[in-house]
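Quick heads-up: structures coming right below.
In the two complexes that follow, subunit A is the common piece, with subunit B as its partner first and subunit C second.
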Partner chain A sequence: MKVLVRAFAGFRDVMGESTSYDLPDKSDLSTLLSLIASRSEESRALLFDNKGQLRGHIILMVNRKRVSRTVIGTLLLSEGDEVALYPPVAGG
Partner chain B sequence: MLTDREIQRYSRQITFIGEENQERLKSAHIVIAGAGGLGCPIAIYLTVAGIGHITIIDCDKVDRTNLNRQILHWERDIGREKTRSACDKLQQLNPEIRIDAITTVITRENASALITGAGLIIDALDNFEGRYILNRAALDHAIPCIHGAVCGYDGHVTTMIPGETACLRCIFPEPPTGSEFPIIGTTAGIIGLLQAHEAIKYIIGRGELLKNRLLLWDGRGSTVSYLDLERDPLCKVCGEFQKRKVTGGKG
Partner chain C sequence: MIAITREDFDPGTYIQAAIDSKVGGIVSFTGVVRDDGITAIELEAYEEAALEELHAIKDEAMSRFAITSVDILHRIGRLAIGDHIVLIVVGASHRRSAFEACEYIINRIKETVPIWKKEYTNKGMRWVPSEHP
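After this line comes the complex of A and B, so read on.
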């Protein structure tokens, strides 16, 4: 199945603005994030800390609805889903 | 009541928003937390719009590295307190309004006193530690807060109304990492002006606010996107506010 990933802010420079990923049917969000991370070391470092945990500040949206990082291992994706990733900016 | 001089000064916007709304702006008290890249454009536009009382809070002194974006601070101000530097220029821009300058770090201990009496808070800080403190104080006093943040080409804005929208902790449960951020001045200008624009709309009650919406500005392609937000029912910060609202008490 194909899932569209929209990256925002600094993620855009590394992952591209909008990328389609091919995943086995019934993959969960965690599988998608690992696939994105496998594309480059830079992507992996942006998404995961050195213990392999998804970085806590990243905002995850699936089909425009916010999802908690606690569900990434159980939230199953479907064909045509849109996943948005936003690493919030902090400066002023 | 507006004076003749004020009616003349604001005539171009009074024809748009009406005298009653201009009086609302005059009666408003807004706290701007931060006199940096966001705080400068916010303060300038709210000053010239005729907000009657502005309190501007910052703990820093002007440094040469601030000058690419913090447009109220000039070469001659290096070493001065940012609040004093900002206050001087703002008062020259509009002598009709009251501007208070407070030089301090916003802490858990002083936040409540700093915002007491304000009708609106603008979060123009540069760190999430301070932003979280401000968020909690805003909820404690049931004062709306307009949040903005920037980095490089990117920025975001949202308007938080206690009891109605997600709070800062619902939106950003964990703070982004890093302390010094690269920034191009125009990004701070764009986000700061969006925050000032939200403030004016909130005061006069016209237009759609960015409630439960996070506006994302991307300067690479000059595009705007939105993320839909909602309250986290388990939020430790605004959950307490909801509880107090239901029980009607402070406990």
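After this line comes the complex of A and C, so read on.
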């Protein structure tokens, strides 16, 4: 299945604005994050600390709804899902 | 009106439009680009999500405070010193609710709406850190 990943602000600088990833059906969000990290050392360092934990400040959205990091290992993705990754916001 | 826009806006137009027979006061907040030794800023948004979030913040404010209207306009794109960034206009029967709702809305925008600022200086550029890291 294909999932679209969008990155913003400093994350876009590293990961690109919009990238399509091919995943096995019923993959969860953690599988996608690992796949993104495998694409470049810069992406891995951006997403994960040196213990392999997802960095605390990263905000995740699936189909424009925020998702808690507690569900990363259980939230199953579907064909056509849009996953967004971004740093803390700074508008206003 | 709730909008993310690349165009400038006239705060006065929206303040005037908030007048209604039940309105006794209108509070507005206009954020502008401050000269912190910068040459320009660039605002980037996850536009679809940011727009949904602004609507949600308006709904929250309308249910929490005794107010009659909320307008929020947020610009994106490259802006110069003195340019408008954000406009919030709140109409209410009484001033206290309008002041409180306006402050609530700008605080919520800074917490949750996916918009980021990049500052340009003579030495280069940097992403402005969040007030809510």
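The criterion applied here is as follows: the second predicted complex is superposed on the first by the 88 of 92 C-alpha atoms of A that agree within 3 Å, B and C clash if a C-alpha of one lies under 4 Å from a C-alpha of the other, contacts with A are read in each partner's own complex, and residues count from 1 in each chain.
We take it that a contact is a pair of C-beta atoms (placed from the backbone, for glycine too) under 8 Å apart; a residue touches a chain by one contact, two chains touch by 3 or more.
Predicted model, so just to flag it, every value in this text is computed and none were measured.
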{"item": "Contacts of A:57 with subunit B and subunit C, given as first, second, both or neither", "value": "both"}
{"item": "Subunit B versus subunit C as contact partner of A:24, first or second or both or neither", "value": "neither"}
{"item": "Touched partner set for A:90, first subunit B, second subunit C, both or neither", "value": "both"}
{"item": "Subunit A residues contacted in one complex by subunit B, in the other by subunit C", "value": "8-10, 12, 57, 59, 61, 64, 84, 86-92"}
{"item": "Complex contacts: residues of subunit C adjacent to subunit A", "value": "31, 43-46, 48-50, 52, 74, 85-86, 106, 109-118, 127-133"}
{"item": "Of all residues in subunit A, those that touch subunit B in their complex", "value": "8-10, 12, 55-57, 59, 61, 64-66, 84, 86-92"}
{"item": "For the subunit B and subunit A complex, residues of the former touching the latter", "value": "34, 36-39, 124-128, 148-152, 154-156, 171-178, 181, 183, 188, 214, 216, 218, 220, 225, 227-230"}
{"item": "Subunit C contact footprint on subunit A (complex, rising order)", "value": "6, 8-10, 12, 57, 59, 61, 64, 84, 86-92"}
